[in-house]
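Consider the two complexes below, in which subunit A is the common component and subunit B and subunit C are the respective partners.
After this line comes the complex of A and B, so read on.
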C-alpha cells in the first residue's frame, strides 16, 4: 500500500449494509445475506455480476462454508474465502480482500454475514461448557460458559489493577446512550451505572447488563480498488492498516491481560503509519464490557491496567476522549453471534459522515477491532484502520 | 477431530444422580472424559488419584495440556510425571447461569484457573466450599471425581480442586 496519496495499489470499502431488523423469525440466515448483498451493492452502485470475490462466515453454515453461500446466490466468484475465526472474522475478511485485490486475485469482494441467533433461541453465552478445539476434553467437564471465560479475565483484571464493577458498568452506560441515538438499535432505553450493578449476575463479576444482547442480523461489505471505488456511488473509505493474531492458553501459563489485540493492533498501526492518538472513533468488539476495556489497553489507547480510568464517566462516550461504538455496539444495538461485520460497517458510516446525533464530528480515521472466541481460553483478534480518501 | 467433538456430549448428560460428599448441592456432573493417545496418561492418572503433567526430556519445559510432542522445542521425548496437586487460585468466576442440564443443577458453581506449583495453570472447578468464599490466591489442592467405567475399561477421573 502506498502512503503517497495515489490510488495505485490501495484498496477501499465502497459499499455497506447492516440488516435493519434485529428480529427475523421469518427469514433464513442465507436470505439475510442475500438481502444484505443486494443493499450493499445498491449502496456502491454495483451489481452482483461485478462481484468476483466472495467472503462469508456465520455460526451455522455447513463445513464447506462460503461454497454454500456461492451456491445460494448462484455465484461463481474466482476468489473464495470462508475464514472463520469467530466474531472477528469479517474484520479479517477486509484484510484478506485487500490482499486479494492488490495481487489481482479479484477486483470486487463481497463480504457477507447473516444470522438468526435470536429467533433460533441460541444460548450463546450461557450454554454448555465451551470449546470444540482438540483440547476440549480439558474444558468441557468444568462448565465454563462463554460468559464465565470473560468473567475470569475481568476478575483477574480487578485483582491486578483495582478495576471496579462501576468502571465496567460505565462501558455499558455509554454504549446504551449511543444506542438511544440509533433508531435500529435493539435496546434504546438509557440505563445508569446502578442499573448495571443491580442487574443479575450471570458469571461473577459480570452482570446481565455487562453482556451483549442476542439479536438476529446480518451485513454486507464491498471492498474494491481505490481507483474503482472513486468511480462508484459513495466516497471511498480507504483501508489504511490491518492486523490479525491469536491468543490462547499457550502451554498452561498465559498472561490473561495480554490479548490478541496487542499483536494485531501493533501490525495495523505500523502498516498505517499511525498512532492510537490519531484515531477519531473506534468500533471495538463488545461481547462483554471487559472485552472493551482490555482491548483499549492492548491497542495502546491507554496503559496496561488503566482501562478502568479510561472508560469511566463517559470516557468512551460521544464527546469523550475516544468515542467507542457510537452505533450502540453489541451491548445494546446488534449482536447476532458474530458481530465483526458491524464494526466495519459503523466505522465506514462514521467516516462517510452525516449520522446526526451519533456522528463523531470531523472523524477522519477510524479503527475497528474484532475479538472472536473465548477471551480467557482461546481467541482471535483482527484490527482494521480506515481513513477518508 | 471427532474425538474432541464427542466430549461435548457432556453438555447433554441428563440428570443422573451424583453423590456429593455430605453437601446439599450437587457437584457438576462429570462424564467419562474423551481420551486419545495424547491424553490417556492424564485421564488414567486422574483415575488413580494422580495429577499427571508432562515435561520435555530435551528442554525440560513443563507443558499442559498434554501433547504428543513438546511444543517448545518440538521434541517427541516427552515424559509424564505426577505433580504435587498443590496450587492457588489464579482467577475464577461463580457461574450463575448455564442452560446445559449437566450443570444447571449445580448452579452456582465455581470455574477457575489454578496456578500449579509446577508452573502451568489448569482450568477446573473449585468444590467443597461456599462459592462466595473463593478468592484469588486461595491455596487449593487437587481432588478427583471418579467417572463411570464401562466393563473392561481403565478407570478415568476428573481433577478438580478444593481449599487446601
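After this line comes the complex of A and C, so read on.
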C-alpha cells in the first residue's frame, strides 16, 4: 500500500482471538499461539489449511523464529514474516500482511503471539537499557533500565510543560476503570489518583501503578482481502491506514518529546484520509502512563505539551473525549512483554460491537498504536487505523 | 526432581514428586515405603520442599513423597488463592487421591501445618501421621502482617522479607534461596493465605482434638512465641512428640531437609516394641 490513500480499504481483519488467561504456568508460548490460532480461525470461519501467510514474534523465540511456529502448527505457508520491532510488531504485521495480500504473496495471513512472561518471572521493566545494540554501551553502564528510560521522558515532559504526576495517575485510573469491566483483566479493583501517587516509586517520577503489569498471554489475528472477508463469519474490519517508524538517539541529543508515533501516525492518517478527530476509540500501547500521554500528543490528538490536560479527569475514559484502551490495557488487563497484538484485537472488538459496559457507543473508526523498545532511547512505532466495512 | 501438572476442573496444579517421571496422565509411581504429602506455607509453593524430597528419596525405606503448589501459588494456575484452610484441605485430599497417595504422612510447613491439622481433624482415617514445622508462626498471624500484605497488594509497600525466619547460621546463600521462594507467588494470594490462616487459627483456639501420631518440629532459632504456639498444637494432639532442630528457624524445610526427613521417617517407622 502507498500513503496516498488510494490503496486503503482493500484488506480486512476477519478473525481474532485473545488468550483469556493471564497466568498459564502449564503452557508454553507455542501452545498459547496454537490455541489462539485455532480460536481465531474458528472466529473467522476458516481452517488452518486456508492460511498461506504466517507472521509471528515473541520475546523468547529461537533464532529461527517464525519457522519454528510453522513447524509447531505443521504449516507450510508461502509467505513468512518474523519481524520483531518490539511491542509494536503485531501492529506492523497487519500492515505487512496487507501489503502481502495486495501484492498476491498470500491470501490469508495468520498473525500470532504467545508469551509466558509472568510464569517465567520475566523482569521486563528492570532489564538493561538499550538492548544489545552498539549504542547501549553508552547507556547501560550508567544504570539505565527500561523503566528509567521512560521515566526520563516523563521527567522531561514535566520540566518542559508542567505536566504533573496527578495527570499521569489519571491515565492509570481510567485504564483500571476499564479493566474493572473486563472479566479477564488481571487487575480489576478500581483505584484512585491517590492510590497511584501513594504506590511505590519505581523510577522517579513513575510509581508502581504508572507501570504495566506482567502477565502471560497471547493472541491471533486473521487478515485477508476485503472481498474474501465479506464471505466469512464475522463482519470485516477494514484496514484503512498503516504507518511505521523508528526513533533513536540520533548520535546526539534528540528531542525526547518527539517519538516514533509522530511519523507513523502521519503516514496512517494520510493513507486513511482521516484526521485524529475522526477516531472514535484508540488502543495505545501503555507500557507506562507517560507512553500514552506522549503518544496522544504525537498522533495529533492534542497539541504538544497538552497531553496532561487531555488525559486528566477521565479524558481518556469511557464517555471521555477519546476512550483509550477500553479493555484495561497493559496497565491493568494484560502485558506479556509485547502487547501490540492486543491493541489490534481490542480495536477490532470495539468496531464489531457488543462489548457491554466497556463498549464505546457508535464506534466506527478505531486507531491502534504500538510502541516497541525504549521510549527515551531507541524505539519503534506502528499505527493502524481500522474501520467498519 | 520430576514435575507434572494435574488438572482439577481445568485448573493446573504443579506436582513435584520422588521417583521416575511418568506420563502426563499417569500418577507418580509409588515405592513400597510410606506415602508423604508436603503442604507449603502461606505465600510459598511446593518448591520449598525440593531438598526434602531429594533427602527422602535417598533415605532407605522407599518413601514416596510429593509436594504441590496450591492454586494461585508458584506455578499452579489461577490468580486467586483458595479462600479458606478448609478449601485448601479439600484440594490437598483430592490431589493425594488423584496421585494414589493413600493414607499419607502429611508434612505441613506454616500454613501447610494448619491444612494438615484440618485434614487430620476431619478425616483422621485418611492420615497416617503429621509432621508439622513452622506451625507456630501460622497460628500467630498478626493484624500488622495482614495490613502490610494488603499494602503490598495495593503497591504501597514492598514485599516484606523477614530475615529472622532463617537461622543466622544458615548463611547468605540459604537466605537468598528463602527470599527467592518468597517472591514466586502473587502477593494477592499471600494476603488471602494470611487471612485464611488467621480465620482457621481463631477456630483452632477452641481446641480440636487430633488423634493421629504427630511430630511437632521446631527450629531452635524460631522466636519463643512461635515455639510456644507450637507447644499449644502439641497439647491438642493426643499422640504428639516435640523435637527441636538446631541451626534452623522457620524455613526448616530449606535449612535442614535431612533432619526433617529423619523426623518424617522416624514417624513412619516407630521403634519396635521389645
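Here is the rule we go by: the second predicted complex is superposed on the first by the 376 of 389 C-alpha atoms of A that agree within 3 Å, B and C clash if a C-alpha of one lies under 4 Å from a C-alpha of the other, contacts with A are read in each partner's own complex, and residues count from 1 in each chain.
Assume a contact is a pair of C-beta atoms (placed from the backbone, for glycine too) under 8 Å apart; a residue touches a chain by one contact, two chains touch by 3 or more.
Model, not experiment: these values are computed from the prediction.
Undergrad: Thinking of the overlay built on chain A, is A:195 touched by subunit B (first), by subunit C (second), by both, or by neither?
TA: A:195 sits against subunit C, while subunit B stays out of touch.
Undergrad: After superposition on the shared chain, which partner residues are touched by A:136: those of subunit B (first), subunit C (second), both, or neither?
TA: A:136 sits against subunit B, while subunit C stays out of touch.
Undergrad: Looking at subunit A, does subunit C or subunit B touch more of its residues?
TA: The partner that reaches more residues of subunit A in the superposed model: B.
Undergrad: Please work out whether A:119 is in contact with subunit B alone, subunit C alone, both, or neither, and reply first, second, both or neither.
TA: Second partner only, subunit C.
Undergrad: Going by the contact rule set out at the top, does A:109 touch subunit B (first), subunit C (second), both, or neither?
TA: neither
Undergrad: Check the residue A:151 against both partner chains and state whether it touches subunit B (first), subunit C (second), both, or neither.
TA: In the superposition, A:151 contacts subunit B only.
Undergrad: Look at A:186 in the shared chain and tell me whether it touches subunit B only, subunit C only, both, or neither; answer first, second, both or neither.
TA: Only subunit C; A:186 stays clear of subunit B.
Undergrad: Just checking: does A:22 make contact with subunit B only, subunit C only, both, or neither of them? Give me first, second, both or neither.
TA: second
Undergrad: Take the contacts of subunit A with subunit B and those with subunit C, and give the residues found in both.
TA: After superposing on chain A, subunit A residues 200 contact both subunit B and subunit C.
Undergrad: Inside the complex, what are the residues of subunit A that reach subunit C?
TA: 21-26, 119, 121, 186, 191, 195, 198-200, 207-209
Undergrad: Under the stated contact criterion, what part of subunit C meets subunit A in this complex?
TA: It comes out as residues 5, 12, 14, 74-79, 154-158, 184.
Undergrad: State the interface residues of subunit B toward subunit A in the complex, per the touch definition above.
TA: 1, 3-5, 7-8, 10-11, 28, 30-31, 33-35, 39, 43, 61-65, 71-72, 90-100, 102-103, 106, 109, 111-113, 115, 119-125, 136, 158, 160
Undergrad: Considering only the defined contacts, which subunit A positions touch subunit B in the complex?
TA: Subunit A residues touching subunit B: 123, 126-129, 132-145, 147-148, 151-153, 155-156, 159, 200-206, 249, 251-254, 256, 376-377.
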